[in-house]
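Chain IDs A, B, C, D and E follow the sequence of writing; residue 1 opens each chain.
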């Protein structure tokens, strides 16, 4: 079970606004990647020191600073302070148990989303914090590796209109990349469901149930991430901030539609799974009936016959049948008739 | 399972507004059908080149351009550009995973709906995009064959008031045709449910369950298509755009009522199916009880009797009963009494 | 299953506003009953020709025209046209698959409701369309026989204040009569549920389940009719039209409360039924347990004993016990002890 | 099952506003109790004639007239007319199938609530109608006995501020007394649930299920009474009428909170019961498994052994084993080994 | 089961605003702890007499008065009166069955919350009433021991900005501490669920079900406490009172987000538990199938074979097979073939 609530208790009683890293398995040094561009210029760097960010802030260009690793809270604080970020926002950035949300602080927009991806057959959630300012975008991610590769490519190669637009369009592109990844995760889940379904109807097994349970849980967590994501993006596209231009709002409406589609799909999958579960249960009952039918047929035919053999296996001295010449054959015949007529009865009841 | 999310991942990371065909099995060349009419004139053509659309746009007449096949995205783009369609709309047209919706762009209204029909016993969904402009209607469909035959007929033969009305009335007629088709699909499903129901109560079988499961799934997808359709049509009839006259809005209210009826029916069907499922389960349990009763009656009567024969089948030297002259008959009598009294007990318990 | 969607497909593709009769089993000629009254005058007639309606329309009196039979659509159209009814309303009148609704057309109010009644142990729904105009009320029903008998009586005998009030009060009285009939239907259903309940707890049987299933379905259709009915009446009492005076609105609020009570009762019944269903299922399980206990007790006691008799039924030459003088009695004793101690064990486990 | 809908049909077709008594088992004469008080004066009387109410109405004091028995509708009408009550209100008073509600008629406020109490182990509902006027409160109850004893006591002994306040505070006190009684009923139900729960986990029995079913039904009817009660009181505290002073509104907010707590508790109980039901079902399944294990163990051990004894019980002339000196002992040994090894297998599978 | 409704009946009929202690097991004397601070000063005291509170009220400093024990209602009344608290608020403070809520009385804000904690493996709820005034905060708790330790620490050591802020920030800090504790309780529950889940899939047992039932119930009560808590905090952060500054509102929005996360988590847990329950049920069914298979295999193989031995155990004088030299071996062979072929059949059906 993904830890829903991590080490929140670590933080109890501390003054609010104290940035405490809440998350698991943080390691390695913090990494700061900067991409700075305008329609005509482009620069890409990996910074050594937090202080090196500052010159980019001054420039008129759009600056995208991507911070990988959020466990060194002092470093995060340093960067944030340089860009005038509120302490509560900093606290939210380093607490990976955030619910996706969008908050408008006059001078910047703060968006937290969950990035989803599969690794080692497990569904993983990673928190991405996006801060959209006048001419900069800050992103904070928990570890190396993200879904922004193609956005970077578009900036580098000046594809589409990204280089012609402002920082709000960059923020939109990043959110779009995150949302798109939900679709590929859902695609994988959809295929898994399809496979299980095919097997389930033919030959129900407990392990399919466990697999369904796993998918159901994944959907549960996806849903937990999607509903507030939808809300956050909805707020953005409904003119949530003056930092977002009307042009970008139209694009945001588009990903808002996507989030609705995501939620729709999750709910549909859940319905299908619960339906499959019912089918599984009824299959088991059916199988039990099959088994019991076999048992009942065998027992019902042979128990009375065995009783008859038992009668003539008794050692009474005076048992006239035993002396009849064709007694044995007669009894065999009677038993055969009895057995066959029982089998016919079962046939009629539709048990055989 | 209908692919809910197709090859969305194909598109990941591309600049927004890049029209990428998302759908399956597109083949054949694009086909452009034009119907141009006013109260007194009528013209119908199949165009060779996209460029041939243009003259129609200029005319005062109502022009309906129906594009069959949306996989050649450049062609779609060409047409759309001629009519001043926003890139995001074009992207939506060629992406067949759209959620039904209605969007008002000042100069045109964009409506996406799902056309449903049965083919080869399977429920199929095809995306229809309708663009309503000042004096034109553009429709885009995935493949040959649609539900608009009777609308065309009415235009050709000047039946009803369609030729007297504007492009908004044409758009309404098309939406109406799509909505009406949901009813015929529901009718088919209703009949299937009725058939299964009749069988289920008489003789429950696993295959009926699988059939119910299939219907349930069809309803799931119908519902996914109907709810947003209702919303989209609701928006249209509530004065969603200045391109829709008040007269047409009254008609749209009528199909809005139909969509509610569709949703109502879907929900009723779902309730009925879930009820049938319960009945199925209880029937299985009942059958198991029947089977077990038979087994228990047989076993309970004959096992003790067999035990008695076992006693007198023992080979002890000193067993006085064996020597009694009527021992055998006595034992037979005892067993008969025992068996009959057990049968009576079962009778009393209502098991026989 | 009542046909939820009848022959809707009959109508596909026709121009909207084309009145097509949709319903089943229409026969016989249309019948037009007119009641015309004021505080001091009263006239009741059955008209031969549609044209004879006209003089009544002119008069200042309140005129109630009740049309029985809606399959002759041309006749309906003729009447409707005389009273200035919109084509879409006419279409709705003759389509018996209408959802209950209230629509305000400036010069008249259109209300569609479902009349419910039992006939031959089956719940039937019949569509009643009520058109309330300045000084007339038109009602359209599918076939002979309705729930308005007592309203007619009140008009004829000048009971209560109906003759002193306008056409809106007449419309209210008709709606009230329809709503009241829901109560008597629910009363019947309530009694059926009670009967089944009493039996179910004592002796659960499959046929009770089928009866419950039937009631559940009836409730499903009642609910489908009641929810929109509540909405329609709610609209009327909330000042839906200038044709309804404030005095009548107070009375409408009263039936609005009744519709809420109807819905409440339906939901309560549904809850009770689903609870009964659970009890049924658990009773079946319990019975299975009872059956299996009997089988297990018998088998567990006698199978080991039979094994013992089997041992001494073997024909080995060297079996010293067989030669003991009291061997037989000893073995009988051992088997008795074994049997009794097993019975005690079962007693302790609470199985006997 | 409490009759949810009583003899409503009695009333069908009568002109609205005709007060018809709807309820069961009314007997005895109507009784009119009057309490009249101001801060300094107090008078308590049981009236003989309806006409004697009048002088109290004139006085400036607060007058509380409590009418016991509502089956003599003419008497009720007489009283009501004296206080200017609308015919529809009178009709509501004598119809005991009213849904709890609050209605504001300019000159008075009409509140209908359900009084709940236990008698003979059954949950009973009695309708209380409260009419709050300028300086009077009328209450109508079905039969002798109510929950207002302590309110009377407070007035008599001038406890609290009730004598210092107006008629609205009296109405509030009465409503408060009714609402408080819901808590004592819930307390009883809570204890019943607890008792059943304790037994259910130890030893599940069908009769507990029936008891749960009874409680569930009681909760169903409590809920039916509580939801609209909450609504009615909510309307009162949100300034529903100018007859209710702001001071009293604060107190009403308090009982409004209580009604929410009541509903909360009902829902919690329902959840607990549905959970207990699941546990019951699973316990039954578990018991079945236990039973079947015993049967299977016994049968699986002894059936093969009995087969072996059967072999050596055959009467073939040439069966060398029978002649071996230690044949018998060998066979006994083999059977012992077989039996023990089977028992070990079961042990390993965790069946013993 | 936690008593949801305690001794509410104790209070029935008393004048409203009479503070009656409702709760269980109150003992010991009341204890009054005072912390008084400004940015530069700090004082902490345990008061002997209620009267000693007064000087603190006069001072400009922020004063936090924490009252432990609410069963001595007169004492509570005395304190409350000194601070101008409304009688209804006092009544709410001493009634521990309060629903969490926030009420704004002009001169103070009244917040009731439930503090949750584990003690002796049981989930406990304790009511905390917080009164926020101009320059004071009063808190009332049922017994010794709370979750405010770290807040006290921060005030004492002047950590964070608490000493620089007003009484509203103190109230916020207390609410924050209470809300944080919900997370630690959920963490414990989450771990319990995880442990049960791991066991359940491997080896389902009834006791796990009972444990799940316990957790489900705990979640039920947590939910009952969380929903209204969320509402209350929501009201506070949405500018519920002029006593709460805008700065503090930002912080309150933060804990509002936490309450949403709490509710989210509770719902997720409930979903997981209901899923586990389903898996449990299906595991039991599966086990039953396994058991029945074993029984059926054994019985189906050996019952027919035993029948054969029965035949040749009969004592007829004329049974030619008995005299055949290799009759015995032939029969053994036949039985072996029969047994093996049956085993193969089972193998094919996948039962072995």
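In the analysis below, a residue touches a chain if its C-beta (ideal position, glycine included) is under 8 Å from a C-beta of that chain, and two chains touch if they have at least 3 such contacts.
A quick note: this is a predicted structure, and the numbers were derived from the prediction, not measured.
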Intersection of the contact lists for chain A and chain D: E
Superposing rotation of chain D relative to chain E, computed on C-alpha atoms, to nearest 5°: 70
Centroid spacing, where centroids are CA-atom means, of chain C and chain E in whole angstrom: 42
Centre-of-Cα separation between chain D and chain C, whole angstrom: 26
Where chain A touches two or more other chains at once, by residue number: 281, 285, 288, 292, 295, 299, 303, 306, 310, 313-315, 319
Chain-level touch network, classified as line, ring, star, complete or other: ring
Chain ring listed from chain B, with chain C in second place: B, C, D, E, A
Touch list for chain C against partner chain B, complex: 1, 3-5, 8-9, 11-18, 86, 88, 97, 99, 101, 203, 206, 209-210, 213, 216-217, 220-221, 224, 277, 280-281, 284-285, 287-288, 291-292, 294-295, 298-299, 302-303, 305-306, 309-310, 312-315, 319, 321-328, 331-332
Residue numbers on chain E that touch chain A, as the complex places them: 149-151, 153-154, 159-162, 173, 176-177, 180-181, 183-184, 186-187, 190, 193-194, 197, 201, 250-251, 254, 257, 260-261, 264-265, 268, 271-272, 275, 278-279, 281-283, 285-286, 288-289, 292-293, 295-296, 299-300, 303-304, 306-307, 310-311, 313-319, 350-351
